Structures are given as structure tokens and as C-alpha cells.
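Just below sit the structures, each encoded as C-alpha cells.
Look at the two complexes coming up: subunit A is in both, with subunit B in one and subunit C in the other.
So, the complex of A and B:
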């Protein structure tokens, strides 16, 4: 009876239109633009090039370099964030003295704006005035080229990412740890299970679903890294630390090469989707075992 | 009752008179008008705009709101606003190189402003070249930019240093005439154990790096026998950036990076100024800000010891037409108008165009701009004849010797016979981005100078074809002051 009531359109259509306007239309517009050669500066009339932008990008070494750089940052940073974050969460969950103070202090980095963090990091890694090199020189060590050598610069960016986002992992893992049932651990202790056996046999498997979700969120977020790199190195030296989003920014907002940038965004979307799907496919057997 | 009415009438009359007087003080009267100006983040340029804004407010009762963006964000913000025909900004301050991209959206300067004493006072290099695009004036210079040479007079005049230098290199220690001498001096003063290094230049990507490289290369590529061929062949629009002159310039630029403070590769112009003012280096090249900051006792350890000169040159310059080195009887300096000095323009869509141009007039008047030029941190360098002629004005910050050398270097550079103009082309950022990337690789030793510049040349030619070779050629010739090609 209710199913045929025309009033349902009054409730549904505004929502559909809003979704179309703010989500679907820009996506379609961007997808269409990716098939055009379209520059705002210098103004060149749009011209259909079909898959030309995609083909150019796939042959562009800078694009592949950005893929590798972003993947390195994402996987190394998230991997270390997870290990450190899980470790700290376990420590905080063990009700150590001053646990509340540690919890607040450890969460602070996450609350700061990435641009501010990157600016502070840039000063810390400053070659002549930075405290880190001054500290190292006290031990007779030479000035290290923190932001002027590609490998060092990448390591610095990863270090900053870890410092800022490990608190997110701590927060989520701690929440997960606090929901684990106590009786399982009591039973394990009766069986004389060691701390390592308890962790590997109980804690880790039970935390797997939340671990999978947390790592997935961080991985996707890390692929979108832009502000930290922009402030710390600007993508340099050369293009050694240029990430996909920074590459897209340079093409879109410096050169105003809109067609090419749209194609780049869609390739980025495809790459993220492949990584996401592969990640979930690899984890599925382990997660299903837990059900 | 009567008394109260009388009191009210008297008060109203008094208020009306006061208002009348206030309006009379506003000439022209722009009360109620608020102009919005886009600027890079201060203090450089933004503080000069604020200085001009205060004067304009006193004169016209109008208000000026200076909106600041980081340097790297300024171009995108202005382009987005202009291309969307959005009247966000009544005025935009910008780099001369961006003018070709902005021209379709800017209004022409009123003819009345293009004549008179103040107009003639602007140095011809700006008035007749940088402010002009295809015969029309769309903007006004509010800053003069040419690279000059800065050195420590105390070191250069020390008899011990002079003797030691002559014994080692076989010629007198003095401001260098050639880039080889510049590198010799840097090498001589490279004493890390004493906290002294040879030179400081910008080497960081996004840190004004490529202008410093262009300054080196100008000496070997700006050939008076084939004018306008520094960046491109003005007949064919073929990129010249990988010719032997440019390669030599890059080799010397890389050599300079090894004669600077530790990790000089991370230096932008700000760090160059800090190194000079901190007495860390014996010499440096850069814009006029360096001299002004280094002379300021509040900011500098070498105040009173700041010498200036025209950039080094060469007696051999590559000829892009004959593809050979031309030999000249004497060293020919090629002062490079790096960046070229900030311009200010009025978008066509602006709602207060008359007021906006009036603000430009006040901001760039000899009095206001002269004050800005001698104020450290405004980023304003001399661009008017009156700026460099008025020694008394400069005696506030310089010693007589410093002032003489600084103003001499500025005036001789701007009016130099072989002054090299910076590149101005539509799609400027597309051209300079690849230069920055390849410079970074060459400085890091990941590629050779020749290979780096070959990559740049290839990309420049590709971009030129993509943007339209004929259109780009016409624009390039206009930028270099050459007549249109038939």
C-alpha cells in the first residue's frame, strides 16, 4: 500500500539530486575532461584526444616515479605506524602508571595540522640552523643532507608521517584492545601460556579485523599525501620525493593542464582501487576464519 | 524647547562642516571604496603595498585590503580568479613573466598615467620593455629586479688576503669581471673550519633557483650580435637552453653550489640573504635586497662592509645563429634582469578600476616607492632614476662607499648595454618547471649538465609545439623587444 504512495518521491528525489550534483556530476565532468586536451594557461580550446592523455601518462617516467615514491611512503610509513602503534597500545592497555598522561601526550601529534608539522620538521632538518644537525655535530658527525639528498629526504618524510599518524593507530588499537574479553586470557593463564603465546594466539587474531580496517584507512590516506611533501621538499631534489597528488597539483594548478590532470586523477583512482581490492582479497581468508 | 532646538541645529551644522572638511581632505575622494590587492605573503612586497595603502588612505580616504598568498600559491590564485571573471581582486601584484598569461584579463593603463614627470622617471628598461606587451601597457613596475654581485669589503681590502690571493691566482683580489674569477674568489675564501664559505646562491627547487642559473648562463648566451636569442632562436623558436653557452653556465652554477655553506642545495633566496648578513660568505649574487639587508645593523653582522658590483661577464659568447663562440675584445657584462621586478595590474572585471589605478599611481610615486626602496624587507629595489640618483635617501642605511657601490651597481646593471631580459612567455610555469626538475638532478649529480639541458630543450620544444609555435614565437619576440616577424 505504502509502496505506491507518490509521497515517497518527495523524500527520495531531493536526496538523489543532491548526490548527483555534488558527487556524480563532478566525477562525470572530470572523466569527460580526461579525454580532452584542455589547458587554461595558455588558453587552448578543448580538443578530443580520447585516450591520448592516459597513453602519455603511462609512458611518462615522472608518473611512474611518483607511483613508486607514493607507494614507498605509504607502505613503509603505514607498516611502521602499525607496529609502533600496536606496541604502544598494548603498553597503554597494560595499565602502566601515568597511562592517562601518556595517552593524551601520544595523541597530540595527530591533532596538529600537517602543514604546521611539516614546517617544524623543515626547521628541525634545516642544514645549518636545524637542531638535528647541530646535535649530530656535537659528536663530530658531518652535516647530513636531510632534505637535499633524495634518499634522506624520503626517509625524513616517512619519519614525519610516522610521528604524526602513529597516534591514530594507537587510538584505534587501544579501543579494540579494551573490548577483548578478559576470560580468554584467564583461561590461557591457567594453561600457563606465556605472554608471547597469549599475544600471538589470542590478541593478534582477535585484533585482526580492526587491524585490517585501520591499516586500510591509513594506507588510503597515505596515498593522498601532499601537504607534508609540498612544505618539506616541494617534491625535490629533482622529482625524488614527488608524490602522485603533488604531481597532479603541479599539472593542475601550476600549468592548468586540466585534461592531463583529470586523466592522472583517474589513473590514481584505478591504482588505489587495485591496491585496496588486492589488500582485502589477501586478508579475506584470515578474516573469514575469525567469523 | 527653543534652546534644545537651537543646540541640535548648531550640532548638526558643526557636524556637517566637519564632514565637509574631511571630504575636502580626500583628493580624489574615494571614501567608502575598499580595494582588494592580491600579494605574495609578506614582508616582501606585501609590506610595500601596505606602505602605499597607508599613503593612499591618507590622500583619498579609500581603504586597501592586502590579501597575501604564499609565493607558490599566488599564480594559481590569480589565474583562477581571472579566468573565472571573478572580481575578487581589484589589483593583482605579479611577476612580469606571468604578464603574457594575464594580458587577456587586464585593463590597459589609463593614457594620462603614461606621460609626465613621474612616468619619465621610470627606468627605460622597465617603462619601455618589461611593462609593455604588444605595444600596450597593462601593468606598472612596483619593484626593480636585476641580479647584482655582493661582497664583503673588509675581506677584499685586507692586505693579507690580497697578498695571499695574488700569490695563489696571479691577479688582484677585486670584484670579479668573469665567472671564473668569481669561482676563484669563492674557492679562496672557502674556510669551513673558520665558519666562512665562498659564496651563497639559491639552489632549492621552488626557491628562486633557476634565476641564479640564468644569471650565470646570461654571460655566455646573451649575444649582442644576435639579440634576443638567449632562451630561444628568435627566428625559429627552437630552444637554445642546451647550447654550449648554457652548458658552461650550468657547470659553473654547479661548481658554485660546492663552494657554499653546508647543504647550500637547500638554499632559497631567503637563506642566501641570511648567509650574507650573517657574515658566513665572502661573496654572493642576487637581488638588491641582499645589499639592503646586509647593511642593516639590526639584521646583519657585516653592516658597513657591504660592497656591490655588476654581475661578472665573459669575452666569449655563444652565437645561436652561427653556432660558434663569438670573441669580444673585452669582457662584456650581461646583467640579468632576473624576475624583472614585481608588477601591479588592474583586472578588467574589477569594480573600482579608476580608484585602483589611482592607488597604483600613489604606490609607485617617486616619494612612496623611494621610501619603500630604502626600507629593508619591503622587497622593493630601485626602478626609478630618482631611486638611484638620490644619495641622501640611501645614506640613511648605507655608508657613503656602500651607497656609491650599491647604487652604481644597480644603475649600471639596469642601463647596461648588454642587459639580459628574463623569459616571458605564455605557459611560463610549464617551461620553468622542467628546468627546476633537471637542475635538481644535475646539482645532485644524478645527471650531467649536458644531459639535463638536453631534456629541458626537448621538453621546451614539445611545449612550444603544443602551445602553437607561431603564437609562442610572436610572444617571445615581443618579450625580447624584437619587431614582429613577417
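So, the complex of A and C:
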């Protein structure tokens, strides 16, 4: 039942006003600025260039490099997070021994500051004094260039992302698993369905809506990645691990090229929207089939 | 809640699964253990290669923490205080007004005409360009003038029979949540420019408590509204209806009945918001420079300043991590009571 009482405006307006003020202001501001050639250092008076900034950006190899890097990090990290996270959630749900102890430990990483995690990762990935180097030395793989080689650095960043955010997937999937009805499994049990068949026939399809939502959230969040990269490699070596947010930060805050940075952030917004819409469109038939 | 999905497995495969989970736990725990022991190391304990067990491999010392407290590596004490103050107030404000909005969306009916929303956006954009380009106002002045003007016009327009779809509560909720999709860099950079231009008008927002808290409140609201809506929906409406029969005003129903009944949800939401603000890096990087610097900025700075002084880096990271470790313990206790189940329906 919905009530209708003028007091509802008192309830909702504070939140709407704050979000409007902090999101619409900057949106309009940077939208209009993205059509200008506008620098603060050295100060040049704004000049309208229409799509000039966008055209320059689309021809800039560093921009495409940032897009590819960010996409690689997001898709590989989220894919592995999902596989590991779903597996651990299944195991925890099956009441394996010591399950209670695991829960606290598993929740921890996602609550920690990414910058602090990245600092710790830098120590662990240290090629001469780090514990990982010592461990790999036992297999004859000493002094690997963890953060100084482009491919290795990317892999290390992905590893840290997985370490930090798999708990989120575990948490969500576990909560989802606990809402599944039991009678379906009892019926499957009577039919002598194997655990493997039960998973693909029942668990996976029933978990699909939650999976889709969780992966969606993680993908969008991963595209914003900045702190981890900022501390671990600073985008280096060269620009090998530079993500979109980091690229925008370098352009905007180091060079104060306002028009260019605004255009960049709008392209970023468009890219995220395209990815989000495509993802939802691809999944929609699978989600609706079951209803 | 029995052993679904794994019931058909033999005891051997169950053991295999347990080993797999244990391996993941070790991977999760090792970096945490590493940072804790490293924070108590002396320089020889670090440069001589990796050491693991206190008192056996190396002699633990409290020196890194004493250095931190004395401010040898940046003003840790004040930064810690900044983070605490900003985090607590932003989380409290966001939870309060977010819970109010969530309650309104669950219990009251809202109808917003799509046309009114469009009018708001176009008038805000057009008004800004007009005030700035033709009437000679500065950019923040133009924005501040265009905003109330567009808002008032939109509210009036909402009462007119405009063509086009009518948006309901679900759409308003979607609008709130979709704010999270925004790449924060879009906002952070524009907000920095806006804040600094407002600062030139005489009202300091960059590197100030108000500016930072306002921005964090706005960015926590989507999560708060989303989480709290589920908690409120789970509350049986009969209690509220009984109160309404007795003519209790809505605000007293909310404060006196609904808020106490959803205390757990409010607490969990508050803690999640606090964790988000405590760890936030990008906005703090743009919007603070010295006085209101938060912990993540200082921690990130340790990296470039002190190349291999791992004991100092670890102690710094630990200071940023420990409050959240305590929160993880509290949250997991709540999680066990099925509290967070509702959040993902």
C-alpha cells in the first residue's frame, strides 16, 4: 500500500538535492568544457573548438592503449574473480569443515584501502627482497621483473584485483545460494543426478540473475580502477599499465588541459555506457527465458 | 540450508574442496600476515631477505609506530583524525538522508514526468550558457543561478499535463543507483574546478571539511538508498498501518517505529559507507592538499618518499587497515545472522 502525504517531499528532497547538485553541476560543466580549447597552465582564454578535442583524442594512441589496458584488467580480473568466488561460495555453502572461520578471513580484503593493499603488493612483488621471489627461487625462477616488465606488471595488477575483490563475489554468491529452494535438489537426488549434473542443471541457471548482477557491478567498478595502479606502477613501465582514469588524471591534473580532459572523461562515460548496455542486451534473453 | 550442490560428492572430493578453500584462505591471509610482521621489523630484518617469524627470524621493534606517531613521515596523527572525522560525518549524514529517501520510495508514491526531467536538464544547461556567455557571470555563478531556476521550472512543469512517459518510484531508484555507474574521474575533475572557482568567490571548498564531506555524502547516497530500500521493504507494514489509524504523523512513524525496527540495517549500511569513505582515494586526491588530507593519500605518498623502508610503509598501511579489520569482524557477525541477504534480492 502506498500512502500519499505531503511529508514525503521532506523525506526525499535532501537526498535528491545533494545528488543533483554534486552530479548535475559537474556534468554540465565538463560537458560544455569538452567543446572548448581551455588550458589553465599556461593560461589560454577558452576558445570553442566543437569536436576538436574528441577528434584529437580518438587519434591518440595513448588513449587507445589506456582503453585496451583497462578492458584487459577488468575482463580478466572479473572473470577469474567470478570463477574463484563462485567455487568458494559453493564450498562454503556445502558446510565444509571450518567454514565459520573462513568467513571472517574471506570478508577482509574488500574492506581494506586499495592504496594500502597496493603498497603491500609492491613489497611482496619486490624482485630481490620479496617473499614471492624467495618462493619462486625454490623452483629456479629468481628475480622475475614483476613490476618493471609491461606484461608482468599487468598480471600483478590483475592478481591484486582478484585478491581484493573475490570476497565481494563470494559474499554475494553465498547469499544467493542460501535462497535456493531445497526441494529441487531433493528431486534431483531421487533421479540420481550427479553433483556435476546438479550444478549445471539447477544451481548455475538459478544463480544466473544474481551472477549477472554481481559481474555487472564488478565490471563497472573495475573500469574505474586507479588507486591500485597509481601506487603499484604509476602506469609504468612507460604507459604499459596506464588505465583510463589514470590517463585522465595525468592529463588533467598534471597538464591542466581542461577541454581535453573533459572530452576524455565523456568518452570514458560513453564507453562505460556502451559496455553496460551491450552486457545487459547480451544477457537479457538468458535471464528472461527462465521466467 | 543443507549441503546443496555438493551432496552427491564422495568424502574424497569433499576433502579436495576443503583443501581448495584452505588454499584460497592462505592466499588471502598471507599478505595480511606479511604486513603485520613487517611493521615490527628493524632495517636489518628487511634488507637481509624475507623474514617471517618474529623472535625467530628477527627481533620485533615498535620503532616504526613511534616514528609514525611523532610525525617523522608526514603528519599521521592529524591525517588519521581527518579521515575519522570526515568518514564518520559523511557516513552518518549519508545514512540519515539516504534512509529517509529510501523510506519515502518504499512507502509513498512519486510521479515524475519525463518531460519535467528533460526541462530541468535543458534549462540548467541553457541557463548556464546564457548566464555565462551573454550576461557576463563567471562560470560557478552562472551554474548556481541556473540550478534553482531550472529546478523551480521543472517542479512547476511536473504539475502540467505534459506528453511523454510518467516515471514512478522504481525509476527514481534507478536514477539514484545509476549515479554509481559514473566514472568518478568525470565528477572529480569538474568538482575540483568548480570548488576552486567557488573558492575564488570567497567560500573555501577545496581542502575543507565541508567540501570533502559533501562530495562523499553525494557519492555514498546511491548505495545507501539501494541497501536501505531492501531493509525497509522487509518491515511488515501492519505496524505502520496501526499507527496511522491512531493518526500518528508520518515523521513520528518513521522515527519512532521504522528506524528502531531497522536498526541493524542502518548500522550495516553505516559501516559499509564508512568503509567506502575511509578507503576513497580519487576524490581526496583532487579535493585536498594539506589541511584535510585523508589517510589513503598519505599512505600512497609513502611509496615515492621512502623507497625501501618497508617497516615504515607497513606501519603506515597497517594504520589505514586496522580500523577496517575491526569492521570486518563486526560485519561478518551481522552477515551470519542473514542480515545482508536482503541486499541482493
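Operating definition for what follows: the second predicted complex is superposed on the first by the 268 of 291 C-alpha atoms of A that agree within 3 Å, B and C clash if a C-alpha of one lies under 4 Å from a C-alpha of the other, contacts with A are read in each partner's own complex, and residues count from 1 in each chain.
Please note the rule applied: a contact is a pair of C-beta atoms (placed from the backbone, for glycine too) under 8 Å apart; a residue touches a chain by one contact, two chains touch by 3 or more.
Being a predicted model, the structure only gives us computed values, none of them experimental.
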Subunit B versus subunit C as contact partner of A:150, first or second or both or neither: first
First, second, both or neither for A:21, with subunit B first and subunit C second: second
Touched partner set for A:253, first subunit B, second subunit C, both or neither: both
Subunit B versus subunit C as contact partner of A:30, first or second or both or neither: second
Partner chain in contact with A:187 - subunit B first, subunit C second, else both or neither: neither
Touching partner for A:44 - first (subunit B), second (subunit C), both, neither: first
A:112 touches, of subunit B and subunit C: first, second, both or neither? second
Touching partner for A:58 - first (subunit B), second (subunit C), both, neither: neither
Touched subunit A residues, subunit B compared with subunit C: C
Subunit C-contacting residues of subunit A that also contact subunit B: 133, 253
Subunit A-touching residues of subunit B, taken from the complex the two chains share: 72, 75-76, 79, 83, 100-101, 104, 204-206, 261-266, 426-427, 429-430, 433, 436-438, 440-441, 443-444, 446, 466-468, 471
Parts of subunit C lying in touch with subunit A, wherever the complex brings them together: 1-9, 13-14, 17-18, 20-22, 24-25, 27-32, 34-35, 38, 46-47, 49-50, 52, 97-98, 100-101, 103-105, 107-110, 121, 124-125, 128-129, 139, 143, 147, 151, 172, 176, 179-187, 189-191, 193-194, 214-215, 217-219, 221-222, 225, 237, 241, 244, 249-251, 254, 275, 278-279, 281-282, 285-286, 295-296, 299-300, 302-303, 308, 310, 313-314, 316-317, 320-321, 324-325, 327-329, 331-332, 335-336, 338, 340-341, 343-344
Subunit A to subunit B touching residues, read off their complex: 39-44, 62, 126-128, 133, 143, 145-150, 233-240, 250, 253-257
Sites on subunit A touched by subunit C in the complex: 1-5, 7-8, 10-12, 14-16, 18-33, 84, 87-88, 90-98, 100, 102-109, 111-124, 129-131, 133-134, 163, 166-167, 171-172, 175-180, 182, 185, 189, 193-195, 198-199, 203, 210, 213-214, 220, 223-224, 226-227, 230-231, 244-245, 248-249, 252-253, 258, 261-262, 265-266, 268-269, 272-273, 276
